[in-house]
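Inspection log for the structure reproduced underneath, given as structure tokens.
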């Protein structure tokens, strides 16, 4: 069976004072059907940028400058970045992007996906709900989205640009007159959704503005909004960051339960390793915009598992015992990709231990490749070149 | 040990301006509802609680960034709440605050050198010729290279910014430091070293720390006494004991510690218990509850003890149950403590 | 490419240089005698096209070039007079209205609101009607009543920075309030705002002086102003802009001051916007 | 019944506010010696019963410096006359009744100012739309630069060029409206303010949330955008009102502007007073409208420390 999401060579750049920095560089991974993939990394490692920019939600220049992203849903395939080459051209190694055209193009594609087939739960939900609308207005809109997507045929995503496109791309407003029966159905559905995320008194919540609710309640409401359209793909962007411990516990419970009951695939972005280890099947480890290790969660998160990238080892140590600092510090940074060799070698404990000249030379001169150390477990490090035979 | 800081019945209210139709309404939001405690010289007092329980407000009140609605703060036995700001500036040397975001606590348009010069000139003890040597001495204390001096805050990493902020405060030679989530916004890789540095400084200079955090694991490891807050009130003060888990008695402290252990300890293990925490988030807090236990609407123990009417009619005082152990509950979990509280 | 980028600012620089040369010329008051000598017995409102003796012609018994050159310093003086009350009142009101809750803060805030609400020209007209016409006092009043714009910007900046931790940190360190406000906030974060507002108000003052002169409210004997020139140019019917410049009926008396006013104000506004954009860029980086 | 009572209370409040403001304005007027003299003449001419008998009639000339009480009595009489039979007094210069200011002049000025406001907002919205959707193409950029240049021209010059250049005898009202909407940097200012507000909205977290949920952006941003639009329009209104005065004078439109400047030149202080009142009323009502919109649309509370 083919994977549901395929990301190939996704490169995201940001321009700062005439130099290019790469929050994500040639990121490549895939998500199988029914699988949750966790992306771990410290802040500044490019995990959020990767996901948001492939759905057209980033707001910096130049943003995505290369790559391929393909979703395979039940009723068809959607390629997101296939028209990217029309908008990006390279001149003396610097990309020039027609941002306005690109924005228009990707919005047209992502509008049919976001909130319908792909649901995103952003961090700090209290601020991502519209402060001018009540909760029931939010819910109603998402529920009617569901009805629309069921009724209407999809726009073909790669439609050519036209001057009048802004007239045609108007969606029917979500408060187009609905018959009283249907309205009742909407309300019932809203109540069902709120009960689904364990609200005891849904009616009280429905008539509140977001600022009248606490952070935990808003987080659960945004989960309800995400579930309203029955998405096939769920993105969780740091769902537990900045919440209290009791809230984290309850939220982990909820997500765990949803994960078990609904048939969804998804991505979970977090720097909270215990949380990731509970909710995902596979883990991607990112550092300074690069993927260093991909593997099943049981292998990566197991402290005794022998094949482990040095950075992953460091991350695990510092997450569980605060001892990581003494073994050498990996400082998160944005890279320009101009140096030769592995960018981690200055901090890498393996590099420092091994004095063999051949091994060091490879690290100094050549960019490390992925090596398979176990079935479906890849590590980007020269130290695992020979362990690759284990299969 | 001597009490260096004493807080007596401190209260702080915020006001929320709302509009209902045509009328404007002012709603009182109590952030602190009468808090009293003492801090001894040279100890680390940890303050834990959830967001919105008034930890940060308490910290800001102690350095008088906010003015209390009522109550007193006694710094070295002297009342500082009544005096005007201009007079209090002398006392600011003694009590200093470290803010949560390391970047936001430095002026982004000033380089590090200027930050230091300004503070050293403020002390008035150092002649301008000796500024540079003083700055180098300060940087050495926090293990930083002098090369940071020419840089701007946005060019530094989070850990470096935090160290610069600490060195800047140390120039004033304070006696009490209020640490408002000092490691919460740092990456996990730097956290450990900053905690080490803070502990090292505390030992070397015999500083007093008031360590505000929601990271219970760190607080338990670091502090001598822990003060648990809920909705602007102190519910328990206890000494952490690493051998046994049964040294805290308030039902809320139990919930907090359990959740912390559950969330943070193990990788991979999880037993869902969705009904457990629901009560905490559904109910609305009463705006002012003078004759009621503030935790009663959420309390397990209340149901467990057969819904006694005392909880709804009498506010539990902060009782001394053991050495350095105070609980504000009518029915604490530990039977022995309960017997003592009634004796 | 870099050369081209530099050339972008060339017209602005050139115009400002010409303007300052004109000011110098006007102040030194060096004109050939034949320019000053207007033939007697001319009809007052008659426009005489350029001739050898008078390079731009005669209008209202004055050499057009002389009145054009002498108007430059008066516009400069108008800008300078407005600047001082504007800065003083703007900064005081801005700092006062962003202080802690209190009667002074309330007073400053109300004052800003009230001053913002009234049309500036109407206030100036009424002042002129009540207390007599004097262009200097009118311009000083103009500086005062346009101060709320600066005050609001400063207020916004202070309120925005007040929420930042570094201001709290400086207060907690024990720095005096005046150092925090004037050094940390106004000097390090507000200087671009003040600079751009200085250029803006300069342009506005030049325009206001021209408008008042145009409405016949700045007029005194021997006073030169581009607005006044424009006012006189209205009185001649047969002149028109829509002729070739060498035609005797070309309306040079109206075109000259217009070019001066448009060019000067556009240059000043452009510089003001440039500073604002730099501020935005700085914000993006920091 | 209760709502009626509320409306009545509100009406009384507005009247009281107006009375206070007009009293302050009257005091300002009376504080000027020239105005006192002129107004004294007026009072002696039209309301001789207000002045006590002991006013000295020195020679043929009337001593017009009346005691302050007489002015205050005049003020209250004048106010009651307005409320009773809509008598706003008479022009000191020509003796015509001032209530005619409420007719054509006021209508024209208001029309000019409000239409100018709407036009400038409309054009600015169109330009923002252009900038956001086709801002990369060169002709659009040039067009925007050109608009900026035209907009930086002051009212006097723009109106002068249009009026005398096109040689219009009776210009249709659309031309002054356009001049008011564009000139003196009004258009550029509105454009900048709108695009700044839009930038704030687009960089906010809730906009990101709306996009992430794939919602209808137009629907969601209607409220915040209306709020900022009304705020901008309210802030620009005084400037436009001042602009109409100049444009009317230049284009010779018989409205408030021309009346005002004539009154200034003719020392017609009562007329000036009436005009000041009218301007005050409009600005108050525009502010009131602004506040109403803010109250109705913005549910967010304000925290006060």
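Just so it is clear, A, B, C and D label the chains in written order, and each chain counts residues from 1 on its own.
FYI, contacts are C-beta pairs under 8 Å (C-beta built on N, C-alpha and C of every residue); 3 or more make two chains touch, one makes a residue touch a chain.
As the structure is a prediction and not an experimental result, all values here were calculated from the model.
Undergrad: Compute the shortest path length in steps from chain A to chain D over the network of touching chains.
TA: The least step count works out to 1.
Undergrad: Looking at chain pairs B-C and C-D, which one is connected by more C-beta pairs in contact?
TA: C-D
Undergrad: Taking the mean of the CA coordinates per chain, how far is chain A from chain C in Å?
TA: 53
Undergrad: Could you tell me the distance, in whole angstrom, between the mean C-alpha positions of chain C and chain D?
TA: The mean C-alpha positions of chain C and chain D differ by 23 Å.
Undergrad: Please set out, as single numbers or ranges, the residues of chain D touching at least two other chains.
TA: Residues 301, 304.
Undergrad: Which pairs of chains touch one another in this structure?
TA: Applying the touch criterion to every chain pair yields A-B, A-D, B-C, B-D, C-D.
Undergrad: Report the residues of chain A in contact with chain D in the complex, numbered from low to high.
TA: 55-57, 59, 98-101, 104, 110-116, 119-120, 122, 124-125, 127-133, 141-142, 145, 166, 170-171, 173-175, 209, 211, 222, 225-226
Undergrad: Could you list, by residue number, the parts of chain D that touch chain A in their complex?
TA: Those residues of chain D that touch chain A are 132-136, 202-206, 208-216, 218-220, 223-224, 297-301.
Undergrad: Under the definition above, what is the set of chain C residues touching chain D in their complex?
TA: Residues of chain C touching chain D: 101, 116-122, 125-126, 128-132, 207, 210-211, 214-217, 227, 230, 234, 240-242, 251, 254, 258, 261-262, 265-266, 269.
Undergrad: What residues on chain D touch chain C, complex-wise?
TA: Against chain C, the touching part of chain D is residues 28-29, 32, 34-35, 149, 152-157, 160-161, 164-165, 167, 184-185, 235, 238-239, 241-243, 245-246, 249-250, 260-261, 263-265, 267, 269, 272, 275-276, 279, 283-284, 287, 304.
Undergrad: For chain C, which residues count as touching chain B in their complex?
TA: It comes out as residues 164-166, 168-176, 184, 188-189, 285-286.
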